[in-house]
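Letters A, B and C mark the chains as written, and numbering starts fresh at 1 in each.
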Amino acid sequence: MGGGSDSRWQGRRMSRRSILKGGLALGLAATGLEGFARPQHDAAAGPAQGGAFTASMFLDPNNLDPAGVTYVSAVAVLMNVVEPLVEVDQAGKVHPRLATSWKLSPDQREWTFTLREGVAFHDGTPFNADAVKFSFDRILDPATKSQTGLSEIGPFQSSTVIDARTVKLTFKEPYAPFLFNASDVVLGIVSPAAVKKYGQDFSQNPVGTGPYVFKDWVRNDHVALVRNDKYVTTSALVAHKGPAYLDQLTFRIIPEDQTRLDTLRSGEADFIYRIPAVNLASVQGDPKYRVFKNMYAGDPVMFLINRQLFPTDDLAVAQAMQFAVDKTVITKIGTANTSPVAWGPLKPVVWGYNPAVEKLYRHDPAKARELLEAAGWKVGPDGIRVKGGRACRMVCAVKTDPVTVSMLEAMQGMFKSVGIALEIQTMALPASEELGRQGKSNMTFMEWRGIDPDILTVHFHSKNIGGWNMGHFKNAQVDQLLDTARATLDEQKRLDMYHRVQMIIMEQAATLPLFNLLQIDGAKASVQGMRYDVYHYYPEWYDVREG
Amino acid sequence: MTPQMVQGDAVLIGPPHAARGLAPNRARLFALRFMRNRSAVVGGIIFAMVGLTAILAPTLAPTAPDAQDFSAMLAPPGASHPFGTDEQGRDLLSRVIYGGRISLRIGVIAVCIAAGAGVLLGLIAGYYAGWVDSLIMRWMDVMLAFPSMLLALAVVSMLGSGITPVMIAVGVSSIPQFTRVARGSVLTAKETDYVAAAHVVGCSTARILGRHILPNIFAPIMVLITTGMAAAIITGAALSFLGLGAQPPTAEWGNMLSNGRVYLENAPWITVFPGLAIMTSVMAINLFGDGLRDALDPQLK
Amino acid sequence: MGAYIVRRLGATVPVLFGVSVLVFAMLHAVPGDLVSLIALRSFAGLTPAQENRIRHQLGLDRPLVVQYGQFVAGALRGDLGRSYYTNQRVTSAVLEQLPATLELAGAGLTFAVVIGGALGLVAALRRDTWMDSAAMVFSLGGLSIPMFWSGLMLIYLFAVRLRWVPVVGGTGWAALVLPALALGYDAAAFIARMVRSSVLEVLRQEYVRIAYAKGLSPRAVTMRHVLKAAMIPIVTLVGLHAGRLLGGAVVVETVFARQGIGRLAVEAILYKDYFLVQGIVLLAALIYVLLNLSIDLSYAWLDPRIHYQ
């Protein structure tokens, strides 16, 4: 839980994604963005060690067992403690990490990994095939209560230790996304001895092989890591070898935006995750700070529209909503104009994005009224339209967050001007999501991270009704296209299918996209060596040091 | 629980004195004493004005509370918007005026719930004594064992967010105070000669309670109602501040404050004016209540 | 006296029983089944069979009386289950947050006692002077200004504008100043009022007049009788305000982004983290009941006039 209602854009973890045969063409809009992080190979950089860093985090990590991760804040911490088998670079190419090489069996059901030698866990347990087997098998164990891990290993069946350096993972059926998912720290390798020692408390005592060792976690206050002096460099994407530079890395947990920013200004923090957009201007021009803007891949910030619940079951109403909303105003409220307006169910940086969706709608209240009028919605005495004796009144259950609510309030006014009444019900995030699952909310807030267009399956495939398809969208053609695309390896064919899916979704007005959120982080100007991971867009702290 | 004169969250001065009744011949004296207390009169007038403003909101407010003007977002206080605007370009003066309707309604209804249930329970406990008394008062002890804010939060979590649950939550959490005061007053009144006399001449229970005891607890309950209302307005706003009260776009003071937090640096006026409104109303009620108490019980002034 | 203590302790038992029943009942009355809440955290959703297994694991399929018995038995052992969200033991989650809240409450209370006590005393001794008026205006402010607003205004003034103190909660005295002020102001206001009227009452008492008549200096009279009179309302208020401070901590910890029981409570309630809510509410009630018990007992020392029939 951990203050979820306070963190604005939760950054959902995605469930499944597929990967193309030869790696993934990531259309990441990295270029041109200020401070986009790549490993910095400074010639002058000596083996400067030391220093304690403080990073202000937006959300309590909630659960620090990689397999039990529920919120991205845990990933942002664990990335430095636990290592995955492989790693993905900006171009979508897979590199070795704890595994040095791997191969897929001809029937595509068995992955065999050759493991790195000379690596040990923080508690001294040697890293070997047994540890890999243990880490994967435990995800299937209900006692681990894995959700994200379980969804990422997909049809994983069993694991076999071939020898100390070789392990085989067997799947029930071919599962292309696996190698890519194996780069996620959620499928990272943990110390079997530590899991046995801590039992249920492993979720507060993660032990991995990473460059930092977990020290302590005081809920809603901080997580502290210290340098792993015995660290063996496993990544090919880093700028130096051996132990990390920082002695200690403390994540202060500060969900309140303003307060978190103040920690950077006061010097209490060296880095802050998520600068509140309203205050960006005050930091951006200041030479004391560096600003990192990343257009991470995934969903835009959007509201799924329930197409099975009155009155949004009427296509005219759902389409009128698209025309009624002035997205520039919403973007101003939600991001202080830092992010671009969105028109489709995917961010443009996702491979497979269809730019044609941008031409379907525009801000045009007159057109909205026209659509409603044509569909038989007549303005009632209170200005709200009526059809068949029922007023055009809809509900949105939403988490208690001032900015999200404010965006909805603005939309409430815009809808009202075309004759649609919107009732906003604020509540805790899980409660609002439950109403979305049950199909009792006409609009459900959604934001998701993922780099494959297959994330469309999560929200728009009818098999996920009752799950993350909170708009209860049911369209046989979309279902069929999504299923086929996932199993199609021909890039062009796959692309075409996703293009069509996006068009259908928008023509059916199954979602109301608002803006493509830019992730904005900030650091002291002196901080060097920042590098973001491609999977989650959080900093890897291994190369970081005071300049 | 304690022999002192503190009842729950409210401060009451001296049960032995406060239990003094408001007999008809003393009413004029009371009015005179109250009117001589300048700050109390001022408090009363301010509170009346706040109440009147809330009632006349549609006439007084320059705009509707939810009228958006996206061309004037986050405008600072000035000629066209005396209190400035919020992030939706809504006029804050209008919202503060309309917000009073909700906050005062929460205060009044919560106190009605607390006073109604509390006094009834207190009368029953005090009059019948014995196991009825024990049962009621032990139950009040249990309720008092929960910090009232936590009790209110728990009630809201059971009933869901909204203005009505907040009224109930705040009301329920202040029942024990009224029960204790009412019971204490009944016990004192029972000792008096005229109640004993009433018993002797065979008056019915209802008659004794209605004619002889109720008037005697009127004074302390009135004082508790004013302090209770002040506390209810604050607690109600606090629950809305935590996101559990009034739902958007309803203008409510606590709600407005909470939304303004995001803009504390860029647009502090969003936070300043609703807070001033709460403070003014509550202060007026407190002044009025102090005057009331002093007038009812001059010895302690 | 000894008998009183035993009886007073005995009276605490039914209260604690009532508290446990109320806490237990409260959470079973919450709409929305716990398991359905858990289910929505699972990406794939849960099958009815999985839901039933969780229900069984958590003991939710047993009769309420049995569940209550298990709850009490567990509570007596200090085992209140685990937070489903963090998988952390409820007792350790609560105990982990407790020091921060105690620190805040302690600082707030110290401020309240020192400032409130001093102002009340001065106001009473200098009755009807400008000092009395000033103290009462201060007190009126404390009773009228909501904590969440004074907190925000303090942040705006001292942290955002003047940058004298850090905004962020947590460690260090500097970070404790503003939250303690926001939390303690209303207690200070109450204490100032109570001390004032209590001292005024004492000044009217026969024995004080006699003390004056006996030729004791006003200072000696003040020290001997008045201060003791001032102590009683302070001690009473500490007890009564323990609950209020905890309620205040809910707001203040949220405003100042501090860790603590209050914030944990809000989150636990918002997220319906079943066992965590039980643990916090139970602990809060326990602290409150025990504190008031010890305060009642301490009257014996402070005010010998109180008899224990």
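General observations
The working rule: a residue touches a chain if its C-beta (ideal position, glycine included) is under 8 Å from a C-beta of that chain, and two chains touch if they have at least 3 such contacts.
Here the structure is a predicted model, which is why all the values come from computation and not from measurement.
Central chain (C-alpha centroid nearest the global protein C-alpha centroid): C.
Between the interfaces A-B and B-C, more contacting C-beta pairs are found at B-C. Subunit A and subunit C, compared by their mean Cα positions, are separated by 39 Å. Centre-to-centre spacing of subunit A and subunit B amounts to 46 Å, using the average Cα coordinate of each chain.
Between subunit B and subunit C, the centres computed from C-alpha atoms are 21 Å apart. Annotation for subunit C: residues 160, 270, 272 touch two or more other chains. The multi-chain contact residues of subunit B, meaning those touching 2 or more other chains, are 160, 243, 258, 261, 264-265.
For subunit A, the set of residues touching two or more other chains reads 5, 256, 258, 400, 427.
Note for the complex: subunit A touches subunit B at residues 5, 256-258, 276, 278-279, 282, 326, 329, 332-333, 400, 402-403, 405-406, 408-410, 412-413, 423-427. Note for the complex: subunit B touches subunit C at residues 1-4, 6, 8-9, 11, 13-14, 138-139, 141-150, 153-154, 156-158, 160, 230, 234, 237-238, 241-243, 254, 257-258, 261, 264-265, 268, 271-272, 274-275, 278-279, 282-283, 286-287, 300. Looking at the complex, you find that subunit C touches subunit B at residues 14-16, 18-19, 22, 26, 29-31, 140-141, 143-149, 152-153, 155-156, 160, 190, 193-194, 197, 200-201, 232-233, 236-237, 239-240, 242-244, 246-248, 250-251, 254, 265-266, 269-270, 272, 277, 280-281, 284-285, 288-289, 292, 295-296, 299, 306. Contact residues on subunit C toward subunit A in their complex (touch as defined above): 32, 36-37, 40-45, 53, 82-83, 85-89, 93, 96-97, 100, 159-160, 163, 166-168, 170, 256-257, 259-260, 263-264, 267-268, 270-273. By the touch criterion stated above, subunit B contacts subunit A in their complex at residues 66, 68, 70, 73, 87-88, 160-161, 243-244, 247-249, 258-259, 261-266.
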